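One structure below.
Labels run A, B, C and D following the written order; every chain starts at residue 1.
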Amino acid sequence: MKQPLTEEKVFKDPVHNYIHVQDTIIWRLINTKEFQRLRRIRQLGTSYLTFHGAEHSRFSHSLGVYEITRRIISQFERSGYKDWIPEESLLTLCAALLHDLGHGPFSHSIEEAFEMNHEDWTCRIILEDTEITEILRDVEEDFPRKVASVISKTYEHEIVVNLVSSPLDADRMDYLLRDAYYTGVNYGTIDIDRILRMLRPYNGRIVVKESGMHAIEDYLMSRYQMYWQVYFHPVTRSSEIILRQIFRRAKELFQEEYKFRFMIAPLEDLFRGEVTVKQYLMLDEALVQTAFMQWTLEEDELLSDLCTRFIHRKLYKYVEIENLDTDMITEIRSSFAGAGLNPEYDLEIDYPTDLPYDVFRPGAAFDNNQILLLDRNEQLREISEVSDIVRSISGIHRGRYHLYFPQDKLKKALTRLPSSVAEIFAK
Amino acid sequence: MKQPLTEEKVFKDPVHNYIHVQDTIIWRLINTKEFQRLRRIRQLGTSYLTFHGAEHSRFSHSLGVYEITRRIISQFERSGYKDWIPEESLLTLCAALLHDLGHGPFSHSIEEAFEMNHEDWTCRIILEDTEITEILRDVEEDFPRKVASVISKTYEHEIVVNLVSSPLDADRMDYLLRDAYYTGVNYGTIDIDRILRMLRPYNGRIVVKESGMHAIEDYLMSRYQMYWQVYFHPVTRSSEIILRQIFRRAKELFQEEYKFRFMIAPLEDLFRGEVTVKQYLMLDEALVQTAFMQWTLEEDELLSDLCTRFIHRKLYKYVEIENLDTDMITEIRSSFAGAGLNPEYDLEIDYPTDLPYDVFRPGAAFDNNQILLLDRNEQLREISEVSDIVRSISGIHRGRYHLYFPQDKLKKALTRLPSSVAEIFAK
Amino acid sequence: MKQPLTEEKVFKDPVHNYIHVQDTIIWRLINTKEFQRLRRIRQLGTSYLTFHGAEHSRFSHSLGVYEITRRIISQFERSGYKDWIPEESLLTLCAALLHDLGHGPFSHSIEEAFEMNHEDWTCRIILEDTEITEILRDVEEDFPRKVASVISKTYEHEIVVNLVSSPLDADRMDYLLRDAYYTGVNYGTIDIDRILRMLRPYNGRIVVKESGMHAIEDYLMSRYQMYWQVYFHPVTRSSEIILRQIFRRAKELFQEEYKFRFMIAPLEDLFRGEVTVKQYLMLDEALVQTAFMQWTLEEDELLSDLCTRFIHRKLYKYVEIENLDTDMITEIRSSFAGAGLNPEYDLEIDYPTDLPYDVFRPGAAFDNNQILLLDRNEQLREISEVSDIVRSISGIHRGRYHLYFPQDKLKKALTRLPSSVAEIFAK
Amino acid sequence: MKQPLTEEKVFKDPVHNYIHVQDTIIWRLINTKEFQRLRRIRQLGTSYLTFHGAEHSRFSHSLGVYEITRRIISQFERSGYKDWIPEESLLTLCAALLHDLGHGPFSHSIEEAFEMNHEDWTCRIILEDTEITEILRDVEEDFPRKVASVISKTYEHEIVVNLVSSPLDADRMDYLLRDAYYTGVNYGTIDIDRILRMLRPYNGRIVVKESGMHAIEDYLMSRYQMYWQVYFHPVTRSSEIILRQIFRRAKELFQEEYKFRFMIAPLEDLFRGEVTVKQYLMLDEALVQTAFMQWTLEEDELLSDLCTRFIHRKLYKYVEIENLDTDMITEIRSSFAGAGLNPEYDLEIDYPTDLPYDVFRPGAAFDNNQILLLDRNEQLREISEVSDIVRSISGIHRGRYHLYFPQDKLKKALTRLPSSVAEIFAK
């Protein structure tokens, strides 16, 4: 089933040094226009507005995920682990390479605004007569469906699904390393060689040799730090909020049959809720940014203001408060309205939370979100049973409320707000 | 004249770790829309098509140039070197920060296609009533003009010009380090701390303490390697050729009053040759890429084909030949025409050359393109007089002809070409 | 009081890139024979037997501690923090540079074996007429005493003591970075630039700006990982155990007036318990290793065997057990004796523990072992009050018993041991 | 012949991340006392007196050479190159691991002083009944001889010799990377992954694919820089000169039957010129340093002074002069004698030279010191024929005379020297 290249091809990669391509199918997949499109989607959405180095694309991340998967599999095969199924190698590699294929521009924000799901799009692109589909069919007629089922986690061999999505999958390992490299923060350094050496296929899933526990602890801590330092950075959240507001406002205007100075096909389809695969593939971040740039000149003041903020990075400010209840929110919103502000747009409440690792519930069966350690006696134990540090962090549900708002507008309205509310924003 | 911030601000930067901003003027300049626009212009143009990591922007490079300059000046001041003029610090920092302000999208290609010059645009943006101009005027009325004159190398104090443009300027040092970091090649590693410690202001220009000679040799070798490994990479050249052909074809069509399916203001102005500063500031790579994406659907087959190649990375192939004279070129071109190919578009000849360092001509006066070493007896000597390695490489004018062509088209026409020509491309 | 060098001197350092020496006193101190002796004492004792790269000396660590301290102070002075006392700079730098001066060969083991204390020796070397003393006296007559009092934590200005010893002192920061670099593990990577930028002199002690909390969390986690991965590595513990047994056996023999084939002055004095500063300064790891090498040929079998193990790295094996009580220990020891083993030497019990950070006890006053965060309202809070992650780890008192033993000897005696004991070692 | 370990063992290594041991024979060789002895011999001799980080041992270098060789071979086997002889793998790995086994303490100096050769000692240790010999015999009776013949370059299959010693051997690659890492200079960074990927077994020797030319250029330039920045550093040369003078003086005294305060077996044998393998294996740097430390107390003033200089790092100063002829040298020496200095010890002339790469002489046959490029047409060309940069540097024979002397002594004698001579040293 594999079709080895006559000579291995490589991509120079700052994170893994070289990405090695050894199979014709992989090489051809990379050269499709659907995969090349990922060059035009940033891996970290608007994070580049906080960390100027974070301009890396989903193209490079996807190659990275493929490469890590390749190394894991190659080690499984070299070591002759009997629980690994060598016939599944190519399938696993294809799924790893293509798992992010359906991401749209500024993915998380656009998905929220238009109730889409990138995983569905990934499967559609794999299945619906694209260059990708054609190449996968060259392996076998049913191969596109198999790849899609791995990505949607329904493939029959759980171990293959595990390699592509689980707490220790190649996806997470690549993005920690890559996002750390491009932002320049050094919290993402994990000993990937050691982690890879410690992975074992065991009884239909991927587990970790017990002696690798400290490396996993370190990996989970890195993940924790990256969440709070990078992914949840308030400046990034602020730009995402504005992004979603732009989409919301444009959609409202579209539904009101507002006459846009600038409108373009895939966006229009998006507003209409009828996007074909062909149009979706033309939807990239260049297009979204170009629309926003043009919309800075729109007559609708709100849209124009929001786009100006996004394009020229005049973002919302924020205040952090520890407690916030529904009554307070209602009060703030109504006093905003009373002071001539627009509570729908001039205030956004954000409460970022993340569990770095979900604790094991005693008595429950092992599930796919758990990391299992394999001890010398071939017994499995969920990691937080063994590691103090993992147990300590797995309950942490840290989070504070952040209120985002346009400081210039608020300043002008400050005297019209009740002092109890004004106080919050005056910090 | 300086207006220190109450608290130093920093940007996290993968190359310099932190960029330190200590002056209000610098902080305000960074937050202008003109400077923020540099986020939408890649530092390395189309190189990301060769090195997928090279998505970094001129924004990050400009911050880097500023930071290196800041470190040089801070060292000059800490060491109390008497040949440095402390009053020129802010001017130097502003010029360093802003020196690339006028770069357009895919800068080198667009400049060639439309006979523009980014330095002129930089000066226009600094001088013609932008947010930048306003902030610089807050320093003093004449300050915008001063900054522009440093960038156009006409400022009265040569030492300031030297820091911003000379063989050892902050610009070159940042781009070597940064381009190496983002492409992932490791040829760009230079001992910047040592180089900075060895710089001396001396008699109105920047020279190098003799004991820093080896560090400079290494820097020049890195530059040499980066040119051949990265900047002149044939895949990058191929994409630049297609880019220029797109601009050329679109301009031709525009002049023939072809009706574009998609056309947008700043591009139209560009074709017309009448771009205002305001329009120029809207011209970014997102816009160019969006136009190209839309043009893949144009009726004009040539334009549509070229845009398809660029967007989906189906680039021209190349062959390398050692000798090529005018007669051969004429022969190839006419046989291309005879075989139904378009010699204007289906063949491009490229001959990349670079002098890593220009040798000193004995008897000539020292000029600004030379690196001067300062020995213990306070004598200056041009570096190639002292360093064997620099002397060796300064004469190297390596170069080979590369012929670029669309392989698919050529393949079909191959039998219609005379065998002497067909042979060249059959390799 | 400071005596600036005419030109700054530098040392090339892999961890900090360059160590900058700007004061004549520091330069002269480095060039004394007492400070140069630190080149012959390894920073990590026997860790090189586990991590072959860990051959770095206390000389390089001491330079590193000096350099970090220099950077902290230089930042305090640049920022003009009013709670810093600029007159204490040179004192702080000298104490930072010299704080490890009294370390003996394989420091921790020799201190345990001979009930010595390196801090006392540091003070003696500073005070008792060495080249060091003489140079310090050149600053002022009382300066040696001041430096010694900072090191023994009795100096009147607590802030100076804080910089040299506290949970965030330059000592800990350098050793984490340096030990990680030389062992090659990547758990020690901390964002030292950020930590340094976040330190504030405040009310007579060093505190951390609240926004630096995540960097401190990461630092404490690195410390935690380094302890378990490097400092407490069982192979290192095994070699330390043998080292202590060698010292113990040699001392026993010395007291029994055994006639050593090889004996040498400073060692003899050490056994006798009467070491002068002059002799102590001749006591380095070369000497200890040479003695051990020669003792491999001693007639006393035990000493010869132990030295052979150490020199040729034939270390003790270990088993790990979760619970161990006094009865069990007594049983094991007596059964060892019964089986012809030597319970004094053929069994060592090790229980490594460490608190990565000591939690704040509510109600208690702030003490020097705490890390205090300074919030926007200039309020101090102990870090574990604010950081979930620090609170989580500060209670962790992990530890397991390790039994170390000579496997070859045990193997032969195994059948003579009761099965309950044999079982433990048979794993 | 190979005996795979049940589970691969690794060593953590800062340069290669992990050293992988897959064969029982290799594992057992590493654990011999002869190989462990290399922990007590520094890789860079006295360089630690210049670069304080350079304390790394020949043990770690030897593991590194083994690891690079392992990677090369593993790639040859994975790619199925037909010119490689898989049966020679274990032999090549053993020779790579053991090639430095015979190095003595401060190797180059001791070899010069006592006319020894570490390669001969390597072969003796491999052949003369050591733990090493015994293990190699377990492979086959004749295996020790084979390993020794590879190291002495007489083995029948040149390709095996090539991997262990040639301009692109694993030895050179490891030391460039390792010495750069431990000294902290960044000139040694080479793209080892790329170089390894470009190596090809071809017609009984190792050649380089032409597309790897730039990586080789960079490697040769790194080598050039490392020579001038590190290996030939004047401070290191100064310490080596003193080292050789100590050996010379001690030997003179020994021959004069001087009664040493401290003398020890392997040294005595060395002076006598009769060292057995057993004694040689006890000769390590700890022993040499201990002797020197004790000799600082010798009655012979010259020996005591030299040892004091070495141990406490009070080295000779130097002056650099461009031309020096025999007459001048004679004059200086005689005027030294006249001024009461000792021309045999108070003056050393050093003229370090190195050819970074030996140019190909047209017409000559390819020899083992050449790097050959393999082009697409399977033609071999010596690299300097193709690379301008290699051609440029291969003729460079840079060098200047350095005169080393004890500054304190010279200062006192300065007035007694003729002014023409005094002038040279007064700089």
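Keep this in mind: a residue touches a chain if its C-beta (ideal position, glycine included) is under 8 Å from a C-beta of that chain, and two chains touch if they have at least 3 such contacts.
As the structure is a computational prediction, the values presented were derived from the model and not from experiment.
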A-C against C-D, pair bridged by the larger set of C-beta contacts: C-D
Of all other chains, the one whose Cα centre sits farthest from chain A: D
Centroid spacing, where centroids are CA-atom means, of chain A and chain D in whole angstrom: 51
Centroid distance [mean C-alpha coordinates] between chain C and chain A, Å: 43
Centroid spacing, where centroids are CA-atom means, of chain C and chain D in whole angstrom: 33
For chain D, residues contacting two or more additional chains: 17, 185
Interfacial residue positions of chain C with respect to chain A in the complex: 185-187, 189-191, 214, 217-218, 221, 224-225, 228-229, 388-389, 392-393, 396, 398
List of chain D residues in touch with chain A within their complex: 8, 10, 17-18, 79, 193-194, 197
Contact set on chain A toward chain B in their complex: 11-15, 17, 31, 33, 36, 39-40, 48-49, 51-53, 55-57, 59-60, 63, 181-185, 262, 264, 282, 284-287, 289-290, 293-294, 311-313
